[in-house]
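Next come two complexes built around chain A: one with chain B, the other with chain C.
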Partner chain A sequence: MIFSLDAMISFVIVLACTLLFVFALNNYAQRAEQGLKDFELEEKALLTADSFVKNFDENNTIRGACVYDAEKKRVRTNELSRENITKAKGIEFGNIFVKSITFTTNGTPETIALSSKKSSECISAKRFVLIDREKAIILIQTCREG
Partner chain B sequence: MSHKLRNVYFDNKKGFVFSLEATLALTLFGLMLFTLPQIQMTSLKELAISQQENDLLRILSAKESSENEISLDAQELFGQNAEVWINEKQILFAQKKKNAIASAGIILDPELNEKQVKIVVYYD
Partner chain C sequence: MNTLDAVLSLCALLSCFALIIGAINEEKNNVLETSDSIKAKSTALSCGSILDSMFSNSAEEYTQSINCKTQNNVLSSTQKNKTKTAYSIANTKKETYLEVEKLEHYR
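Right after this comes the complex of A and B.
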């Protein structure tokens, strides 16, 4: 077998290229996985907050805390009551859960803790609502366990 | 004579020999690096802003507010990133950024007077 210096250098270059390519693919896969996790958390946070300010669910008001207008037989979207907010219980989607609800009326912030689990990453969805006919900013904090 | 001269010319030439094969190899290597997949980070920022704009319009329709109150509400929700227009008159100015999302709605007051509200939110 003839093994020239040129062949050896070529072989080393091919190996280096393969290593670089595998390294780049690994890096890509890790970033894609993290991106997907971030997207999942953001999606759950936004959709939970949207449901909270657009629906009414008497079993667990975290799914909807709007005021129900019995006369018109419909919920009044974005119009919440303090009573409904304080009745909210925790909710989980796999390892993602709603940690707390914070709302500010007349400059006074109030927080309702829904879970005491340890969390690694959290996202707060901010919504503008009426609470007992007063304008308020509401923050729903959604976290990943960890 | 001319053959001899040419040899002398090549013998004296110093420097770098770059073959066609090497050029091709480097081009392929460059192309390989260039074609590595790039991650498109997906975000729901646009959805979040649209939802907040919708909240503001919904609250303005549910509770009567003055122009000053509308400006304060928009500032509280979007900071310095929102412009508000009422009946084509701008009442709140913003710092312009790369992207923008706009929402508009027609609100009727108790006397059924029409009020056209437009909100533009800028973001990077």
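Right after this comes the complex of A and C.
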């Protein structure tokens, strides 16, 4: 009888340890998955903002809203125009999308909403730029659907 | 009676061991699958980051070998039987290596 009880307690301990081990593994996998999701959102937020202030794309100025210098055949990085900013359309990367652009010139903020989708998690990337030759701060908000 | 107790206990012990080994094996397979998924997703995300970075910084081509397939702005990577996708700001020109579209003013 004593031997059976000992064995039973041992089984319970071994099972509990295995359960803890399984929980730890699951927790690790979930954290790794969440880390990748967070990275994806951060990467898209930062590089969309990067592209917005460094490029010019006439088809969708969210991919680049810089002023184009026709003489030099180059875009003027960090120099944007209000016209280009207001022409921006929404852009999506799977379940990640650009929600809005806010720019502040002379202390007055102006927001352009690009999407009305419900969002669960958002990241804003802030950049210092020139808008129509005036110093400005631009904020691009990138969100995850949900 | 004591011998019967011992035999029953041994049987229970062996059954529990078999159960635990089975559970651990199942969990090992799950972890391997998850690991493949994570590898595939991180490779696809790396490709996306490289393409985004190339597009933002007016680069055109990335010559290092990278395990991604590209179609427009969708990138996919496969590890064993797990395929994961990521997206890029830019559209790609080739399917087998990383090359982004060139905007009009750079031509």
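Following the convention adopted for this analysis, the second predicted complex is superposed on the first by the 142 of 146 C-alpha atoms of A that agree within 3 Å, B and C clash if a C-alpha of one lies under 4 Å from a C-alpha of the other, contacts with A are read in each partner's own complex, and residues count from 1 in each chain.
As a working rule, a residue touches a chain if its C-beta (ideal position, glycine included) is under 8 Å from a C-beta of that chain, and two chains touch if they have at least 3 such contacts.
If you're wondering where the values come from, they're calculated on a predicted model, not measured in any experiment.
Considered on the superposed chain A, chain B and chain C are sterically compatible, since they fit side by side.
Of the two partner chains placed by superposition, chain B and chain C are both touched by A:Asp50. When the two complexes are overlaid on their common chain A, residue A:Phe39 makes contact with chain B and with chain C alike. Counting residues of chain A touched by each partner, chain B versus chain C, the larger count belongs to C.
Of the two partner chains placed around the shared chain by superposition, chain B is the only one that A:Arg76 touches, whereas chain C remains out of contact. In the superposition on chain A, contact of A:Leu130 is made with chain B only, not with chain C.
Contact with chain C, but none with chain B, is seen for A:Gly94 once the two complexes are overlaid on the shared chain. Once chain A of one complex is fitted onto chain A of the other, the partner contacts of A:Arg31 are limited to chain B, with no touch recorded for chain C. Once the two complexes are laid over each other on the shared chain, residue contacts for A:Val22 go to chain C alone; chain B is not touched. With the two structures overlaid on their shared chain A, chain B and chain C come no closer than 11 Å at the level of C-alpha atoms. Overlaid on A, the two complexes show chain B and chain C touching the same residues of chain A, namely 21, 25, 32, 39, 43, 50.
Taken together, the chain C residues at the contact with chain A in this complex read 5-6, 8-9, 12-13, 16, 20, 23-24, 27, 31, 34, 37-38, 41-42, 45, 48-49, 52-53, 55-58, 73, 85-90, 103-105. The touching residues of chain B, when paired with chain A in their complex, are 25, 29, 32-33, 36-37, 39, 41-44, 47-48, 51-52, 55-56, 58-59, 62-63, 73, 76-77.
Chain A makes touch with chain B in their complex at residues 13, 17, 20-21, 24-25, 28, 31-32, 35, 39, 42-43, 46, 49-50, 53, 76-79, 125-130, 133, 135, 137.
Here chain A touches chain C in the complex through residues 1, 3-4, 7-8, 11, 14-15, 18, 21-22, 25, 29, 32-33, 36, 39-40, 43-44, 47-48, 50-51, 54-58, 63-64, 68, 73-75, 91-94, 96, going by the rule given at the top.
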